[in-house]
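Mind having a look at this structure? Questions to follow.
Chains here go by letter, A, B, C and D, matching the order in which they are written, and residues are numbered from 1 within each.
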Amino acid sequence: MNLKNEKWSEERFFEMRKEVLCQWPTGEQVDLDEAVQYLKKLPEEKNFAKRLAKAKNDHKTLLQPRAGVALVEDHIDLLRYLQNEGGADLLPTTIDSYTRQNRYNECESGIIESRKAGRSMLNGFPAVNHGVYGCRKVLEAVNIPLQARHGTPDARLLSEITHASGWTSNEGGGISYNIPYAKSATLEKSILDWQYCDRLAGYYQEQGIDINREPFGPLTGTLVPPSISNAVAIIEGLLAAEQGVKHITLGYGQCGNLTQDVAAMSALEEQAHEYFRFYGYDVQLTTVFHQWMGGFPEDEAKAFGVISWGAATAALAGATKVIVKSPHEALGIPTREANTQGMKATRQVLNLLNEQKLSMSKDVVAEVQLIKSEVKCLLDAVLDAGDGDLAVGTVKAFKNGILDIPFAPSVHNAGKILPARDVNGAVRYLSYGNLPVSDNLKEYNDDLLQQRASKEHRDVSFQLVVDDIFAVSLGRLVGNSALG
Amino acid sequence: MNAVLVMGVIGADCHSVGNKILDHAFSEAGFKVVNIGVLSSQEDFINAAIETGADAMLVSSLYGHGEMDCRGLKDKCVESGIEDILLYVGGNLVVGKQDWEDVKRRFFEMGFDRVYPPGTHPDTAIDDLTRDLRLNIVLKGGRTDGVYSAY
Amino acid sequence: MNLKNEKWSEERFFEMRKEVLCQWPTGEQVDLDEAVQYLKKLPEEKNFAKRLAKAKNDHKTLLQPRAGVALVEDHIDLLRYLQNEGGADLLPTTIDSYTRQNRYNECESGIIESRKAGRSMLNGFPAVNHGVYGCRKVLEAVNIPLQARHGTPDARLLSEITHASGWTSNEGGGISYNIPYAKSATLEKSILDWQYCDRLAGYYQEQGIDINREPFGPLTGTLVPPSISNAVAIIEGLLAAEQGVKHITLGYGQCGNLTQDVAAMSALEEQAHEYFRFYGYDVQLTTVFHQWMGGFPEDEAKAFGVISWGAATAALAGATKVIVKSPHEALGIPTREANTQGMKATRQVLNLLNEQKLSMSKDVVAEVQLIKSEVKCLLDAVLDAGDGDLAVGTVKAFKNGILDIPFAPSVHNAGKILPARDVNGAVRYLSYGNLPVSDNLKEYNDDLLQQRASKEHRDVSFQLVVDDIFAVSLGRLVGNSALG
Amino acid sequence: MNAVLVMGVIGADCHSVGNKILDHAFSEAGFKVVNIGVLSSQEDFINAAIETGADAMLVSSLYGHGEMDCRGLKDKCVESGIEDILLYVGGNLVVGKQDWEDVKRRFFEMGFDRVYPPGTHPDTAIDDLTRDLRLNIVLKGGRTDGVYSAY
C-alpha cells in the first residue's frame, strides 16, 4: 500500500482526491479553490486554530461540548443553544455512526426516519449527506469556531466536505479513529487515509488558512494508561506535522487521579514538543483534556460530581480546552438542556480555578518522569520496528503488541495488556502484554498494584480490572468488590 | 451440555467494553459463548446462531441506533428457521434519555423476549437466561432438568 | 460577670442549671441522672465522637448535611430520608432562628402555623419547644449520630435538652455563635453561656459519655481570612477543653483557593494540637470542612460545580467531615431531594478522591507557615489583653479590634478589617483594621493584593471587596468588574 | 434634598452581608440611609421612620421567616400615621424554593409596594426608588421634579 511517513506530493494528493470526491454525490460540491476563498473570508473568531492559540496565550481553558443531530435545522438550533445558553467557546459537530462507517445509504434512511419521527434517529450529524451546502448553513448560523468530531477510519470525504464548509478543525487520526472505533479496518489503510486528511489540512495551511487537527486522545476511554495514550497522541501529531499540519491539539482522557492526570498532561506537552523539535516540525501545540470518558453513574447529581472533578483537573492541568460531559451521560445522548447543565457546572469550576495553579509537587514530577520514560520505551520500539519510519513502525507495532489499546474492538490490536488502578487510584498495568517497557519501570508498577491488592486483602487478578471498569459508575474511583 | 449463546454488538456500533465484560461473565457462569464482537450485522448474528446451534441470541446496542438496527431481526430468525431462539437485547437502545417503559414496549413489539436498560448487571441476564432456557425446553417438549445448565 | 477561663465547679454549674431549666416549661423534662443512663444505653453507632474518631483513624471524610423543619414527625421523615437516600454519615438538626434568639413564644406560633399551612414555616427544628420527649423521638427514629446545629448566643437550655435526648454533639461557641449571629449580645455573656454548655458536655464526659463539641468555623461565611477563623476556632477549642470537653471538631469554611484551603486546614490542626499540648489538654481533635459558605449561584448546575469543588477540597485537605450544601442554596432551604442531590455529588467526589493525597507542595508549606504566623500574632495579643486569661482577653480583643470578623452584625465587633482576594484567588486583607499582625506579614499580603489590582488595571479599593462578595454567585472566584 | 431610606433586616434574622452591601450602594447613589441593621422588629423600623421622616422603608428578610415577621407591618405603619411611606421588601422571603409569583402576591397582599426575589441587584432597587419616590410626591400633590433625587 506504499505507506511511509512522508509528505504526499501534490500530484498524489490530487490524484486521490478525484476518487474520494466520487464516494458520494455531495463530493461534487467541493471546489478547493472556491473553498480556499470561502475560508479566507471567514471572520477570525470562527477560526479554531486562532481561538486556541489565543486561549493558550491567555492561560485560559476553553469549553467545548459534544453535540450532533440528524437534520440541519435542528442541528443549528442545537448549536445555537449551546453557544448562547451553554456559553460554549468552541462548537463541535458530532458525526453519526453510519457516516463513521461510510454507510451513507443508512444515513439517508436515518435522515428520512428522523423527519418522520420528529426526533433524531441518528446519533450525530450526517455531514457527508448534508454536503457543503448543509454544512455551510451550520457554520453561518453560529458565531464561534466549528469542529468535526467523529471516529471515522476513512474520513477523507467527510474532511473534504467539512473543511470546504469552513469548519476549521478536524478530530481524529489513523490510530485513534481506527483501533477504538473499528473491527477490521487495517491500520495501513486508516493511516494512509488520515495522511490524506492531514495533507488536506496541510494544503489549506499552505494557502494561508489555519486548520487545527486534533488526534483523539482518550482512545477507548476506559482505563487507558497515560503512556499508551500519550504515545499514540505523539505519533499522530508527528504524522500530521509531516503532512504539513501546523496547528495540533493533543488530547488526554481523565484517569481520575489528580497527580497522574496533571502529570500526564505535562508529560504529553513536554514530550510532544521534544519530538516536534527533534524532527524539525514547527507546530503550534495546544492540549485538550477530556472529562471522564468511561462509564458514568446514572444518578445526575453523581454525574455532576464526576463532571466537576473533570473540570477541576482540566483547570489544574492547564489544558487549553476541556471536552464536557453531561448529566445524561450514562443514559443517552443529552438533550440540549442537559448538555448545557454539564457546561455550566464545568464553567463554574473553571472560573473558580482560573487564578489557581497547582505547583509541581515532587509526586507530580516523579509521575511525569515515569510517563515520559514509558512513552520513550514505546516510541523507540515503534521506530525500530519501522526501521526509522514512524508510519510503518506503527503498523508493525500493533501487529506485535508493541502498541496495544485496552478493550479495543479492532482485530488488529493485540488486546494483551490489562490496566488496573493502583493503591492511589492511578491507572497502571496489570498486564503489560508485549509492551517493550523496561524492567525497572515494570517493577515500580507491579509494586503499586501489589500494595492495592494487599490493602484490599485479595490477589492481583483480572477481578481488579472488572471492578475498576464499573467503579466510577458505581460511585468510586477504585473498584473494590469487598466494599460491595 | 452447556447452553450456547451468540452475542455481539449490532449495527455500526463499536462499543466493545461491555461486550468483553458480558463475554467474561457468561463464560465464567458456564455458558458456551460465541462472541461475534462489535459492528455485527443481523446476518452475522443469524449465521453464527445457525452454525453453532445457539439457544439464545444476545444483542447489544449502545450507540443509539438500536431501534433501526434491530428492526426485522425477529423476522429474519423466523425465515432462517431459528424462530425458537431466545432473543435478548440490552444497552443504551435509543437516542437520548427516553421513557424506559415506552422503549421496552417498542422492542418487545419487535419480537425480543427480554429488553434490558443501561447499566444492567451481567448477573441479571444470567439469572434470566437460566430460567428462560429451561422454560424454552419445556415449551419445546424437551426434558425439564439438567439438559441445559449454566453451571 | 466573673468571666475567667477556668473550669466551673460543680456547685456553680448546678446552681446555674436550676435557673436555666426554668427558662421554658420543657426544661422540667431534663433529669441529668436519667439522661446519663439513657446516653449510656445508646448504641455505639449513635455516638458522634466515636464515629468521628473512627473516620479519622480510617482516613475517611464523613458527610453531613444541614436540615431541620418545624414539626417532629416531618423532621423524622426528613432525617430518615437523608440517612437512607442521601447516605449521610452523620445527621444534623438545624435549629430555627427564633430558638436561636430564645424566643420560644414565637416558635410556638411557628409550630402552630406550620401545622395549619401544611409546610414548615420555621427555618429549623425548635428543639426547646419540642422538649426531651420530642428530641428523643427524633434520635430513636434514626440509626446514626445526631448533632444540634444552630447559631445561638445563649444555648444553655437547648444544650441541656438535646444532650439529654441523646444528641451527642453540639455546634457552637461563645464567639462563633455570637458575633456572626447576634447584634447586641455581649461577649462576656455569650462566652459564659458557652462555658456552661461546655461544662455540661464535660459533665457527661466525666460520667463516661463521649460528647463532641464543634465550634462554628466559618463565622460570617463571607471572605473570612483563614487566620481569623483559625484563631477563633483555636480559642473556642481551648475554652471548651478547659471545661472538660475531650472531643473537639475544629472547622473551617472553604475560601476557594485550593492551596490556601488545604494549608488552612493543616495549619488549624497542627496549631490547635500545639496549643492543646501547651496547656496540657488531652483532646481528641478532628476537623470539619464547610463547602463554600458565601453567596451561591442560583443556577443549579453551577451550584453543583461549587458543591463538587468543595467536596474535592475537603477530600484533598483530609477533613474528618464535610458539611454539604445543596443546589437550592441561593434560593431557599432545600427540599430533601435537593439536599440529597448535594450529598450525592459530594459523595461521588469524595469517593473519587478517597485514595488520593495531595503531596505538600512548597506553596502549601509556605501558606501553612503564613497562616500560623498570623494566628500566633493574634493569639499572643489576645492573651496579652487578658493578662494571660483567654476568656477575658477575647472580650477585650474584640473591643479593641485585635480580633475582628468581616461583615459581622454584632455591635461588639470592630468591623474594621476588610478582606479581598489576591492574584491567585486566596483571601487576604484589604484592610487589617487593628489586627496586631506583624509588618513583614502585611507587606507580603499587600504585595499579593497589589498584583491582583495591577492585573485588573485598577486600584486596590473597596470595590474589590464588593466584587468579591458577589463573585461566586456570578460564576467566578475573583470578582473582576472589568470582566462584566 | 435627598430622599431618606430606612433599611434593616427584620425579625430574628442575622444576615448582615447583603444589608451592608445595600447600605453602601444606596449611600453611593446619594440617598440618605438610616440603617437599623439586623435583628430589627417592626417597631424598630417604624420608630426609625418616624424619627427620620423617611420616604421609604426597605425591609430585608433572608432567613425564611419573612412571611411571619412582615405580617401586620403595613397596618402598624397606618396606625402610626406613616401610611404613605413606600414599603419595599426583598431577600429569600419564604422557607424554601417556592413559586415566585405566588410569594410576590402574598407580600403584595400584605401591603408592600415592591417585592424583590433573591439575587436582586442593588441597582434595580435604586432605579425603582427613583421612579417611585417621584411618583409618591405626585400622588401626595408635591412638586414633580428635583425635590427628591438620589443623586
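What we mean here is this: a contact is a pair of C-beta atoms (placed from the backbone, for glycine too) under 8 Å apart; a residue touches a chain by one contact, two chains touch by 3 or more.
As the structure is a computational prediction, the values presented were derived from the model and not from experiment.
Enquirer: How short can a path of touching chains from subunit B to subunit D be, counted in steps?
Expert: Steps on the shortest route: 3.
Enquirer: Hey, how far is the Cα centre of subunit A from the one of subunit B, in Å?
Expert: Chain centroid spacing, subunit A to subunit B, equals 31 Å.
Enquirer: If you average the Cα atoms of subunit B and of subunit C to get two centres, how far apart are those centres in Å?
Expert: Chain centres of subunit B and subunit C, defined by C-alpha means, are spaced 55 Å apart.
Enquirer: Cα centroid separation between subunit A and subunit C, in whole Å?
Expert: Roughly 45 Å separates the two chain centres.
Enquirer: Indicate the residues of subunit C shared as contacts by at least two other chains.
Expert: As it turns out, subunit C has no residue touching two or more other chains.
Enquirer: Give me the residues of subunit B that touch two or more other chains.
Expert: Subunit B, residues with two or more chain partners: not present.
Enquirer: Edges wherever two chains touch, nodes for the chains themselves; is that graph a line, a ring, a star, complete, or other here?
Expert: Per interface graph, the chains form a line.
Enquirer: Touching pairs of chains, all of them, please.
Expert: The list of touching pairs comes to A-B, A-C, C-D.
Enquirer: Which of the residues in subunit B end up touching subunit A in this complex?
Expert: It comes out as residues 11-17, 19-21, 24, 37-39, 63-65, 67-68, 92, 94-98, 118-119.
Enquirer: Would you tell me which residues of subunit C are touching subunit A in their complex?
Expert: Contacts found on subunit C: 256-259, 297, 299-302, 304-309, 311-312, 316, 340-349, 351-364, 421, 423-425, 472, 475-478.
Enquirer: Of all residues in subunit C, which touch subunit D in the complex?
Expert: Against subunit D, the touching part of subunit C is residues 96-98, 100-101, 103, 106, 109-110, 113, 119-123, 151, 180-184, 220, 222, 294-295, 298, 328, 330-335, 338, 407-409, 462, 466, 469, 473.
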